[in-house]
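A, B, C and D label the chains in the order they appear, each numbered from 1.
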Amino acid sequence: MSATKPLAIIAGVGTGTGSSVAHRFAKSYTVALLARSQSTLDGVLGSIKAQGGEGIGISTNVTDPESIGNAFQKITQAYPSSSVAVAIFNVSGRTVKPFLQLSLEDWKSANDVTTGAYLFSHHSLPLLLKHAADEPSDYCPSLIFTGATASVKANANSAAFATPKWAARALSQSLAKEFAPQGVHVAHAIIDGPIDIPRSRDHPGLKNVPLEDRISPEAIADTYWWLHTQPKTCFTWEIDIRNAKEKW
Amino acid sequence: MSATKPLAIIAGVGTGTGSSVAHRFAKSYTVALLARSQSTLDGVLGSIKAQGGEGIGISTNVTDPESIGNAFQKITQAYPSSSVAVAIFNVSGRTVKPFLQLSLEDWKSANDVTTGAYLFSHHSLPLLLKHAADEPSDYCPSLIFTGATASVKANANSAAFATPKWAARALSQSLAKEFAPQGVHVAHAIIDGPIDIPRSRDHPGLKNVPLEDRISPEAIADTYWWLHTQPKTCFTWEIDIRNAKEKW
Amino acid sequence: MSATKPLAIIAGVGTGTGSSVAHRFAKSYTVALLARSQSTLDGVLGSIKAQGGEGIGISTNVTDPESIGNAFQKITQAYPSSSVAVAIFNVSGRTVKPFLQLSLEDWKSANDVTTGAYLFSHHSLPLLLKHAADEPSDYCPSLIFTGATASVKANANSAAFATPKWAARALSQSLAKEFAPQGVHVAHAIIDGPIDIPRSRDHPGLKNVPLEDRISPEAIADTYWWLHTQPKTCFTWEIDIRNAKEKW
Amino acid sequence: MSATKPLAIIAGVGTGTGSSVAHRFAKSYTVALLARSQSTLDGVLGSIKAQGGEGIGISTNVTDPESIGNAFQKITQAYPSSSVAVAIFNVSGRTVKPFLQLSLEDWKSANDVTTGAYLFSHHSLPLLLKHAADEPSDYCPSLIFTGATASVKANANSAAFATPKWAARALSQSLAKEFAPQGVHVAHAIIDGPIDIPRSRDHPGLKNVPLEDRISPEAIADTYWWLHTQPKTCFTWEIDIRNAKEKW
């Protein structure tokens, strides 16, 4: 495998935003993709390779310390001479239920994503710092989090949806302040509205939103790439993104 | 024990804000106090009883489902005919450490408070709803959360401090929207600055703040009582509180 | 006239919130009421006096430097030995129109309220500072601003409604930080939803909101009084207020 | 003059950000630059033309209805067949003074910028809407506002600095919601920290900030260009921008 391209590690790669982001970063970097489903990863990687990209997909439970530890070990073993230029945390749940119907298991399962965000950041940041210190390049190493409307607004029946999103936003803000002076750019994107992905096309509350009124996952991927290219003199922590037709 | 007074259940009762809140609500209600240390609870209850108040203290780990389940069972057994007018979640950590020095245990321990907030709310809300439905009284049943500056601002080195605080704020906002129409008032107080409590008097970063520049725990307790007295026509979700001398 | 009671100066006294606030503060203070309509002021003052209160009403255009200057002069002449304990800025517009239909006159008229907020604060603060310096009393001198949902959210067609509300909120935050260390408490209340006042009962967009789903102006007045009673160890800058049934 | 290139109209062109933005947009568009000083405009335009760009500079007081009306008339006359693709409002003051030392003239002068923002938007939007309706092109017509830290935070002694900034942010949010469905992209950039421009190099409070710790005006200009290129499926209303070394 090529040692020359840096790595982009992306957690939460399904058939939607994560896949678009993976395709976008694969134009410049080797990608390491983490998700639960190996078959989904294989599909995304097959498509990336068909377009001349390169990378690996590792079936991972990002909320499990051992699983994510193994994933980062495999990445390092597969690309021992590649540095890590980008890490993207695109993992998300969407538990919407009246609060008294939320079981402890529902709650823990939803909020385990916060542990996943910690684990992913904890494994990525030393690699990103190394990239910042060792390898001056065009772009600053970047850690990007995918947020949602629920990252800034906690609606009725959405306690288990909002709590991990607010927590991840807090994490991203703290890390942005702590690591920017060391050259690592941490950013948070608030995706405000339905994305044009298979899952939301079938979602009961979203399927009636016309395609042209949805957010484009490719445009989100372009946005993440643009965030990555920002120079040290001009870092953005947070942007919001929505379709022009969205009511807000 | 008297069956006539409603109950105020308060989680997170140490020697500071929790104790002041317990004393304040004990003027009108029977108090049920939850904290890890039985000896601290005994001290607070002794002082409350000396002032004519009444209540029980139950050593509880609010992040442990079994422990908090037992606590609520004991409360119900001790006061079978009392309804629950108030529940206050005053549990908080303060883990400040460079992110890469935060162990997974540090992280989990800090963020377990989010599970505690769920458990406490899940046990309290059915009782508060019952109070709202069965017993018209002067004041609406209330669930109050203690927040901090870290609830709205995530500083460098404070990822483990800010994440559970942002999560609890999200929880309180979601619950406020879901339960207000059913008559339960959910509120969140942002305590912005050092409180005049023994712990902060000894805290390295806070001990040089003069006493007159600290927030009074008794005034916080009065604020919580005032929030509890708001009528349905005028509910507050969030207030900030700081000493007049605080820079912000 | 009695020299012993301090003054509460209230700008923006119509038949709704301003009137309720005036009645509430008249229980403890002499009131000086400013509004455009002398007949409205006479009606409110008549009712206050019938309840044993005292005060004057001065027809004032708070956006006009000369008019408001005259009003403060009249207040000082009428009550030369009274200090000023409270100043409340309750002036508000509600211009909702597509942006391109907003004339420059519409815009200026709506945003002149920002000048009014400056003028009212500029006249009040020296008096409030004097109260803070000369007359230790139970309560800190207070300057309170009435905000709205539009103070934190700028909707389509609401540019002229939101701009002066955001500006007044900024003013209140700056003044809170500047004057709290000198003993003057500045607060901002976000009134989120329709108030049960004659004007909103007839308002096309609000008249279908049932009375029990409206915010009580008397409860707002109680809230302002409570803000005024907060001690220096526990100042609130901002609270939100809404009816329990409000969707948000 | 060429009729083929669309226009970018930029208000507030001094030697700093405005000049960088003008140079950046002149790579693709004809620029129409508004500022008080004709000699500054001439200098900026001379430099733009030397790089192959094109445009006019019109001495304008954007807070004066007649002056800004004349400016837009001159633009239309100079480029009768050009449509308007971009309008940027980069006008700003920086009045920092204890509140009681702020004269009414200080206040009005600072807050007149809010009227300027209205006038500029009111003149630009019909042209931008026309561009959206008539001329499908790669990029959506855009209206961009330059904000500052003071747009979201009102510090002590900064009432006259913060009020117009909060008002302009409100205006931009209302316009973003109102005009996005019609195809015009309205955005707001929060510039959080000192920019590397001559004015801030000499500013007493900023001159000790090392050059490498300042925000690059060229990078801000690139950011504005990038905002302009966002497709309808992915509009950003707000981004924050700061140097990696900035403490926040």
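In this text, contacts are C-beta pairs under 8 Å (C-beta built on N, C-alpha and C of every residue); 3 or more make two chains touch, one makes a residue touch a chain.
The structure presented is a predicted model; accordingly, all values stated were derived computationally and were not measured.
If you take chain B and chain C together, no chain is in touch with both. Per-chain Cα centroids separate chain A from chain D by 32 Å. Per-chain Cα centroids separate chain C from chain D by 34 Å. Chain geometry summary: the mean Cα position of chain B and that of chain D are 46 Å apart. Under the contact definition stated at the top, the residues of chain B that touch 2 or more other chains are 177.
Pairs of chains in mutual contact: A-B, A-D, B-C, C-D.
The touching residues of chain A, when paired with chain B in their complex, are 65, 98-100, 102, 104, 107-108, 111, 114-115, 118-119, 121-122, 125-126, 153-159, 162-171, 173-175, 177-179. Remark: chain D residues 140, 177, 180-181, 183, 185, 196, 212, 214-216, 219-220, 222-223, 226, 230-248 touch chain A in the complex.
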